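In what follows, subunit A forms one complex with subunit B and a second complex with subunit C.
Right, the complex of A and B next:
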């Protein structure tokens, strides 16, 4: 496919995602306002009102209804979109599992935010990570450009015939949603040819079926087994779609993970989301001093890229995993996945928990933790309080 | 026949006939959205279903929202069809009330039918907001202390184009209302009183008799509110005259759920019915 130079814009994260959604041409949207997602809803409402996006925006009375209504639209053949954050994602949870279990292509953006109580409108990943078992593909962006790119890709992945799963695109609340960055957007025609017209539809009056009926145990477990296989199959499809997007955009898309200076590294920091940028800075500074450190950024969290993580980390002298979400009584959620990936390999894995409720984390915090790791002075789990 | 016999409904359950009558009017181009309820079970399973039209099963609280989305998608595809929510009283007036109210306020182009069996029957007879005063349920073992939530009135207060009550005992009246609703657009609401033999504790052969008595005693008035205009229908037209109404006791005494009512309870129910008719006469 031919690379067409995109158009450079200055966009905040919420507007970049809204722009990507406009280009993906969903026919039905339902979004309920919640900080820090709201300005995306406002932008999308403008697009719909001005006729730039020929779609219906259902102004629902709750997030539960937001996801329920686009689920109904998706079942009946429409391309759909919703967005939310925090409490809104929790309120959607019943419908998240409902849509995942039925394997209906849906794209949802999550402007990540801490969960109450206590109240916090600021960023962490607890909302996003708590949805890891809902049968949704989950991807997370590091910056505004990636949030735009992943949103376009999400529509294609979700509707791909070898996948047929809902996709959730996470991007950090405020840190990305409200930060203006340079973004290269694709031409509409390029997006048009990248995302073919939707085929999925379960409402056929000539061949009526029941969608989501009671399943006896032997059917229920088989349907779950099929979902597991679809998740596994999706890894290959996601990588292919990333590569194809690389071709049309001219921008590297990496794979399920991005390796930054990690190939020859003795010590690697693993992260997800916006603070991967801070980790990058920490790694660069330490490299300048001759330390063999690197960054492994997880872009796709579900399906989890066990093979990639293992291949990049198995020969390391030490790994530091950054978690902005926590499973209380267990540990950091990402670090646990990394430990599973390295099962049977003798690699020390340390956990750095921070940024909860918007607590600021700077490159120096990460740099210090890496230095302590290299000196053998890092505890197994460190909280940045 | 749009809804096949041999389904999983209890003996004497009116739901299959109510659904069949609905589909006889709305036809093949109907989509049913069904939240958790008795109908979920009646609709079969992954191996097959009695419905001859597409059915979308819904989480308990979500049916009005799902139907809003189905409507939007069909509109986007240029498909003409009737989108129907078929929900019980709990899914309508309790857990599903927020999404119902939202859809009514948005005047979504859907037909909502509440088949009201006056308790959570699918889970084994627990009280709902639509259980009437005095009725035994497993969670009100000595009778419900509160009155029935007046749902048709609440929906009408949303200013929707069509609200009607109906009964399986008056099939022509019910089908007329479905026909009228089908031809209209916007949010349309039909509330069907659906006697439940195991839940109301009566013989499975008495379903229609009980439904009929609910209307004849005036407990369940048949009416429609079309674009704000109220009109009594069928036999209820003559029941404004108190003398034409049977005493509520005739309805109550056939049902085990009311067997522990005291004389004063029956009196209260009669007074409430009489008061309701005075209010209806002024509408």
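Right, the complex of A and C next:
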């Protein structure tokens, strides 16, 4: 495919995602406002009102109903979108599992935010990470550009005939949703050819079937097993779609993980989401001083890229994994996944937990932790309090 | 037809596949058609959707699935539906 230079715009994260949604042309939207996602809903309503997006915006009374209504629309053959955050995502949880188990192609954007109690509207990944077993593909953006790119790719991935799974696109609340950045947006015609109208439907109206049926144990476990296989299959599909997007946008998409100066690195920091940018700065500063450090950014969290993580990290002298979410009684969530990837390899893995409830994390924090790691002075788990 | 990947849970309901609930019945609703005014209240109220309308708009009960709950008899404004003891 031919690379056509996109248009450069200055957009806040929410508007960039709304723009991507407009270009993807969903037919049904149901979004319930919640901080920090609200401005995205406002923008989408504006698009619908002005007729730029020919979609039905269903006004719902809750996040649960939002997902329930687009679930129905998606089963009936429409392309659908919703967005939420934090408590809204928790309220949506019951329907998340229905959509995942039923394998309905849905795209949801999650403007990640802390969970109550105590109340906080600021950014961390607890809401997003808590949904890791809902049979949803989960991807996370580092910056506004990536949030735009992943939203467009999400529609393709979710509707791919070998996948047929809902996709959740996470991007950090306020840090990305309300920050204006330079974004290269694709031309509408390019997006149109990248995401053609949906070719298949879950139900055939001439041959009625029951959706969301009751399943006896032997069917239930088989259906779950197929969902597991679909998740595994989706890895290849996601990589293919990323590569295809690279060709039309001219921007590198890296795959399931992005390796930044990590190929020859002895010490690697692993992160996900917006603070990968801070980690990048820390890595650059240490490289300038001759330290062999690198960054491995996880872009796709479910399905988790075990092979890629293992390939990049197995020869390291030390790994530092940054977690913006915590599994209480267990440990950082990302660090546990990394440890599983490295099972059988003798690589010390350290955990850095921080940024909960919007606590500011700067490149210096990461730099200090990396320096301590290299000196052998880093504890197994450090909290940035 | 759709070419779906395996593992999408869909059911193909057929007669009796979800249980012949008609066997649960203790009382059997019987419509006295001479009193029926075709108001269709029983049709709208039937919780199990077992009352169908015939071409002449008279209601007809599907005894294969009717559980005999008696809602139709309660809502009938002309008391045209009588709950009679089921005789096996």
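Keep this in mind: the second predicted complex is superposed on the first by the 383 of 385 C-alpha atoms of A that agree within 3 Å, B and C clash if a C-alpha of one lies under 4 Å from a C-alpha of the other, contacts with A are read in each partner's own complex, and residues count from 1 in each chain.
Note that in this section a residue touches a chain if its C-beta (ideal position, glycine included) is under 8 Å from a C-beta of that chain, and two chains touch if they have at least 3 such contacts.
These numbers were taken from a predicted model, which means no experiment stands behind them.
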**Message:** Quick check on the superposed pair: does A:261 touch subunit B, subunit C, both, or neither? Answer first, second, both or neither.
**Reply:** neither
**Prompt:** Which partner does A:215 contact after superposing on A: first (subunit B), second (subunit C), both, neither?
**Reply:** both
**Message:** A:61 in the overlay: touching subunit B, subunit C, both, or neither? Say first, second, both or neither.
**Reply:** first
**Fill in**
The answer to whether subunit B or subunit C touches more of subunit A is B
**Prompt:** After superposition on the shared chain, which partner residues are touched by A:384: those of subunit B (first), subunit C (second), both, or neither?
**Reply:** neither
**Message:** Looking at A:230, would you say it contacts subunit B, subunit C, both, or neither? Reply first, second, both or neither.
**Reply:** second
**Request:** Applying the touch criterion given at the start, work out whether A:72 contacts subunit B, subunit C, both or neither, answering first, second, both or neither.
**Result:** first
**Prompt:** Which holds for A:204: it touches subunit B only (first), subunit C only (second), both, or neither?
**Reply:** both
**Asked** Regarding the shared-chain residue A:161, is it in contact with subunit B (first), subunit C (second), both, or neither?
**Response** second
**Request:** List the residues of subunit A that touch subunit B in one complex and subunit C in the other.
**Result:** 202-204, 209-215, 219, 223
**Message:** Touching residues of subunit A toward subunit B in the complex: what are they?
**Reply:** 27-28, 30, 55-56, 58-62, 64-66, 68-78, 80, 94-95, 98, 202-205, 208-216, 219, 223
**Complete:** subunit C residues touching subunit A in their complex are 1-13
**Touching residues on subunit B, where the partner in the complex is subunit A** = 28-29, 31, 33, 40-41, 43-47, 49, 51-59, 61-62, 64-70, 72-77, 81, 98-99, 101-102, 105-106
**Complete:** Within the complex, subunit C is touched by subunit A residues 101-103, 161-164, 200-204, 207, 209-215, 219, 222-223, 225-227, 229-230
